[in-house]
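Input: a single structure, listed below in C-alpha cells.
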Amino acid sequence: MGRYLIRRTLFLILVLWIVSVLTFLIFVKLPAGDPARRAAGTRTTEAQVEEARERLGLNDPIWVQYTRFAKGLVPWPGWFLNEQVYYSFKNFVPVKEEIFGRIPVTITLAVGAGATWLLVGIPIGIISAIRRRSLADRAGMLFALFGVSAPVFWLGLLFLYIFWFKFQQMGWPHAPGSGIPTGENLFEAVLAGRFVMPWIVLALSFAALYSRMTRGNLIETMGEDYIRTARAKGLSERRVIFKHGLRAALTPVVTMFGMDLGLLLGGAIITETVFNLPGVGQYTLNAIKTSDFPAVMGVTVFAAFFVVVANLVVDVMYAALDPRVRYS
Amino acid sequence: MRKVIKIFGIALAIALVTAACGGNGDTGTTEGDQATEDIQAGGTLKVALLSDVSAAFDPQKEYYSTTWGFYRCCLLRTLVSYPGLPGDEGGNELVPDLATGLPEVSEDGLTWTFQMKEGINYAPPFQDTEIVAQDIIRALERTADPEASANGYSFYYSIIEGFDEFSEGKADEISGLNAPDDHTLEITLTEPAGDLPFRMAMHTTAPIPEGAADGHVRDYGRYLVASGPYMFEGSEDLDFSKPADKQDPVAGYEPGKSITLVRNPSWDAETDEFRDAYVERIETTIGGTEEDIANKIDTGDIHINYDGVPPPQQLRKYQTDPELKDQVFAYPSDAVRYISFNVAEPPFDDVHIRRAVNFAIDKEGMRRLRGGPLFGEIANHVILNTLENDLNADFNPFPSDDSQGDPDAAMEEIKQSKYDTDQDGVCDAPECKQILAVTDEADPYPDQAALIQDNLKPLGIELDVKEFERTTMYDKCLDPSAHTAICLAPGWGKDYPDASTFAAPLFGAEGLGPDACCNYSLVGADAEYLKKYDYEVTDVPDVQDLIDECTPLTDEERIECWAEFDRHVTEEVVPWVPYLFDNNVDIVSSDVVNYTFDQFSGGAAFDHFGLVGGGEDS
Amino acid sequence: MPSDCLLEVKDLKVHFPTDDGLVKAVDGISFTVDRGQTLGVVGESGSGKSVTFMTIMGLINRKKAHVEGEVLFGGRDLLKMPEDELRKIRGNGMGMVFQDPMTSLHPYYKVGTQIAEAILTHRDMPKEEAHKKACEMLDVVGIPQPAERAKQYPHEYSGGMRQRAMIAMALSLNPDLLIADEPTTALDVTVQAQILELIGRLKEDFNVGVVLITHDLGVVHDVAQRVMVMYAGRAVEIGSRDEVFNNPLHPYAWGLLESIPHVDQKGTRLVPIEGLPPSLIFVPPGCPFHPRCPHRFEPCDKEIPAFIDRGGGHPEACHLPIEDKRRIYSEREAGRRSRKAAS
C-alpha cells in the first residue's frame, strides 16, 4: 500500500510535469502575441514593452522562466501559484488570491450538486434496473434522456425564468434569483437557498448519466452468477439487490463520481456563469475572455492539480472498494 | 460590452455586442420627464455589470469607458470634468470640477494655469487631507512611470515639458509641472495643444494623496482614495501606515464579483456644481447573463445593466408596452460603425470600386440587422456630427433612396474602373473574385456580412468572408501582412470630444499597424511601407498634410477644418463605408427616476440617478 | 412413496414466452430423489437439465415463465409456496452448487463472510458463531487453514478451492438435498475427481440426497446411484446406474453412451450423435428425438411416446418394443467392438 502510494504520487508528479511543460509552451513560449506586449497594454512605447518584458522575466534563460512557472504547480508555501508568474495583468490581482477566494463557492456548488445527482441518479437507476421495462423504468430513462440532452446553459436560464422570474411575477413563493448579493457570506447564501437551483441544474445532466450508468451496471450485475448464488442461499431479494448487486454495480459509479467531482472543483464554468456564482469557473471564463494569460495559466494549473489528485484518490478508493485490485 | 473602448488615440473599436433584430420604429431618444420633479435622495442603486473593469480601477491603467463612467460620476474628481449629460445638453463640454474655472492659457499657447478650489478633502482614510496641486502632479508622475502606467496614457502628456525625461528616469521631476502654491497648477508645454483641458479631464490626472499609491505600482486601484461623492465601501479601513504588501485592499471592490460604493463623507455638494449624487449607495454585481439581468430589471432587483445591450425580447416588450416605453433610453454614443477598405489591396486600390461599394451598401438593412433605428442614425460620412457642429449633417456623396443602396449608381462607378474591362458595370477582373473579407463571428456581424455580399454580388464583387473572435478580427484588419482586403465590422469611438480623435489614428501614418492602431485602410502608407509588406501598389492616398493643417487650429476654424477634412476623406479618399452613428440603448427598472445619459463615457450617469421615493419602498 | 423420498417432481412444465414463440424448456417431467442417493442427470446442453432444477430451487423468474406441475419437497408443493417461505427452504432445505466456481462467489466479499451470510440468513445466531461455523465447513470440505482462508477473497482461491467453498456454503445449513449443477465442468481433471469424491463423501456424512447435473456420463457412472437421461425438456429414461449403463433402452441413451470412451474399452472410437438438438420452440411432433433417431419407424413422428416401463425394468420413452431395443442395442454394441477390433 505504501509503495503503491509512493509510486502513484510519482506518477502524479510526472503527469503534472507534463501538464506544466505543455502549459508553459502554450502560454509562455508560443502564445498568440507577445506576452510582454499584452502585459504592457495597448498603444505602448517600445520602452514600456521592454520594461514589461524585464518585469515578467521574459529575458531570463528559458530554464529560469520554466522553473519560475513550474514552481506554481508545487503545493509549497510561496511556490504554489507564485505571484511572480500567476499575477493577472488585466485586473492586477494575484491569481492565487482569486482562486482561493473563489474555491469555497465552487466547492459548495460541486459538493452540493454531487450529493444531488447521487441522491437522484442512483435511486432512479436502481428502480429502472429492478423494474425493467416498467412505467417507472421508462419514465426514469426519459428523464435521463432529457437530462443528458438539455444544455446546462439553457436549463439554467429556464429554471431562473420559471422558478424565480415567473413565480415572482405571479406572486407565488419563488426561488432566489441568481448571484450572491454583496455583503452576504457563503453560509448565508446557502441558507437563503441560492445554491438550490444551481445544484439542481448542474446535477441534472450528471444525475441522468449516473442513473443510466447505475441501471446498466446493476442490470449487468444482476445477471452475474454470484447473484444466483446469493439467491440460492435464500437471501431476500432486497438483500440480493442492495448488498450483492449494488456493491458491485456502484463501485465504478463511485470512482466516476470522484473524477467528476475533481473536474468540477476546477470550476463549473457554465453553471457559475448562468447563476452568476463567483466561483473558479466564472473566473476561468473571464480570464479566457480577456486573454488574461497568467490567470488562464493559473486556473489550468489549478484544475490540472485537482484532476490529477482526484485521479489518485479514485484509484486508491477503487482499490479499497474492489479487493481484486491490488495496490501494485 | 457594448461601449466604446477608449484607448486614447488608438481608441480601439466598438466592442462586440449586438442587439440583433427587432427594435421596430421609434427612433431616437425617449426622454423621461422626471427631471423636473423633486427627486428624493437616498436608496441603493443596483447596477449589473457583465464584465469587470479592465484594470481593477487603477486610474493610470484603466481605459474602458465603463470605468471612466464610474470615475466621473462617483469616485474621482479632476481639475475639469464633464457634467454627465447628453451631448445636446452640454455633455461634451468641460466644466470646472476641482478647478475654480477653466484654465488660462498664455499668449504663446505653451503655459496653462489652473486655479483650484480650496477646502476639498479626500475620502477616508484621508478625510483630513486637502486636495492640492501637488497631488495632480503626483498623478501625472505616476502616469509617466512606465511600470505603473499602461495603455499609452503618456501619449497625451509627453507634450508637457520634461514629461518624457521623467519617464525615462533622466529627471527627478517633471519640469513642466509647477505648483506655486497649493491651489495653483502651472503646466508648461513644448508645443501648443488646444485640447489640453480635455487631456486634463482624463482620470489619470485625478489627484493622488501623498503615500497612497506607494508600493501599489500594480494595484493602486484596489486602494483607490476617492475624491468624488462616493467611495468604495470600507475605504475608511485602508491602512496606508503599514507596508504596502501588508495592507488589505478595499472591501468594496471584489474583482470580478462586486463593486460597492457608499457616500464619501468628505464630499461637499457645495463644492460640486454638477453632481447630484441622490442615491446613498451603489451596488454593482459583476457577471451573469444579459437574459437574467433583463429579468431582474423587470422585477426591480437590478435597476440598470451598465455594460450590456438589452436582449431583443426585452426591447420588444418595453418598446411596445406604453407603460414601459419611457423606461427605454437611446442616446448617440459618439461612435461610428463602418466597413474599411484596404486601399493598397486590389480591387480596392481603385477609388471607383470603393465608391461603387459605397453606393451599393444597404445601410438601412445594416442598421435593421443591429436592431433598427433605436440603435443609431445612418452615417454618410466619417466624423460624428456632434464633433462638427452638424456642418456635414446633410453631406451625403453616395445617396440612395431610404439609404437602401443605389445599384445603378454603383454600376456607373464600376464602369469607370480598370477592373471592369468591358465597361458593362460589372467587375470582371479576377481581382474581384475571392476577395479576402474579415468580420466578427458574433451576432449580428455574420448576418451583416451576408447582406454586404448580397449587395456586392450584382457588381461582380465577390467576398470570401472569414469570421473571427473580435480581438483577432481587429488583429487581422490591422496587420498589413494579412492582406485583408476589406474589414466588415470595425467601429470607432471618440476619445474626447474633438474631431482630431477621428483623424490621426485612423488615417495618419502613426496609426499604421501592426504595432500601432487603427489605420486599417493603409491611407498614408508610403512606398517603403507598402513594399515591406509585399503590396504591389506603390502609391496610396495620403491625408497627413490635411491632418497637420487642422491640428493646431482652435475654435470655429478648427471645426470647419475638420469638417472639410471629413468631406474630403469621405468623398475623395473613400477608405470606408460609414453606415451608422451608434446609439447607446438602456432599459432601466421602473424604480429609477431621472435617468441621465453621460455623453463623455457613453453610458448612464449615476450621479444624476434617483430612486422612486428615495428608494424607501424598494 | 418410500419414507426416504426427499423430492418428488410430478409432470413439471416450464415454458418461457418469448418474442419468437413459446420456449418449452421443460415439458412434463417426473422423477424422485431419495435421501442418501445420488441422482445423475445427463443430457445435452439445452435439454432442460438446469432449468428443471433452477425451477425447483425457485431461481427462475416466475413472472417470466409458465410453471405447471408439482414439486413436492418435505411433503409441500414448492410451486404453490409464497416467495418468502420458499426462501426459507432455499439454502436451508436444499443447497445448490453451480458450474463455474470462478464467478459464483461474490468477488467483493470474503469467503467466510459469504458462508456466514448463508448461515445467518436461516439461523438466529451471533455473527461470531456463524463465522466459526463457516470455518468448520471450510475444514469439512478439505480447505487447509480454514480460519485464515475464511478471511480471504474468492480471487485468492484456486478454482477447486472455490468449488469446495461453494459446497461448504451449500451444506453449511445441513440441507436435505444438494443440487450440483455441473460442479466439475470448469475444473481440471484431477480436481474434478477430488470434488466428486468430496461430494460422495459428504453425501454419506450429511445423509443428503444429491442431484448431479452433468453432460459427462463418466462422472455419472462414477458417483450416481440413479440416472435420468433428458432430451428436449423431457426425461427419456430413468433407472439405476447399472440398468442405464448396462442395459440402456432409449436410442438417445445409446447415442450418449457411444459418444463417450468407456473406461474399460480403451481406443473405442467415439460416435457422435448425428444432427442437432431440437429447437425448444418448434419441438418436432411425436417423439422429439425422431429426426435424429436411426431406428425411427411409423408412429415416431406422430405420437409422443409415453414415459413408462415397457418391460425393460425401468421407465423410458421410446416406441420401440422391448425386444427390438435389446436386439438393436446388442447389434450396435457388437458393431462397435468390431470397429474397434478392426482398427
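First chain written, first letter: the chains are A, B and C, and each begins at residue 1.
Simple rule for what comes next: a contact is a pair of C-beta atoms (placed from the backbone, for glycine too) under 8 Å apart; a residue touches a chain by one contact, two chains touch by 3 or more.
Just so you know, these numbers come straight off a predicted model, no measurement behind them.
Distance between Cα centroids is largest for the pairing of chain B with C. Chain centres defined as mean CA positions place A nearest to the mean of all protein CA atoms. Centroids of chain A and chain B (each the mean of its C-alpha atoms) stand 39 Å apart.
Taking each chain's centre as the average of its CA atoms, chain B and chain C sit 91 Å apart.
Taking the mean of the C-alpha atoms as each chain's centre, chain A and chain C sit 54 Å apart. Those residues of chain C lying in contact with chain A across their complex are 57, 59, 83-84, 87-92, 95-96, 98, 100, 103-109, 117-118, 121-122, 153, 155, 166, 169-170. Within the complex formed with chain B, the chain A residues making contact are 32-33, 40-45, 47-48, 51, 55, 87, 90-93, 98, 101, 157, 160-161, 164-165, 168-169, 177-179, 181-183, 273-274, 276, 278, 282-283, 286, 289-291.
Touching chain A in their complex are the following residues of chain B: 7-10, 12, 51-56, 58, 61, 63, 146-147, 149-152, 154-155, 167-168, 218-219, 221-222, 254-258, 260, 283, 285, 287-289, 291-292, 295-296, 298-299, 301, 471-472, 475, 516-517.
The residues of chain A lying in touch with chain C in their complex are 224-226, 228-237, 244, 247-248, 251, 321-324.
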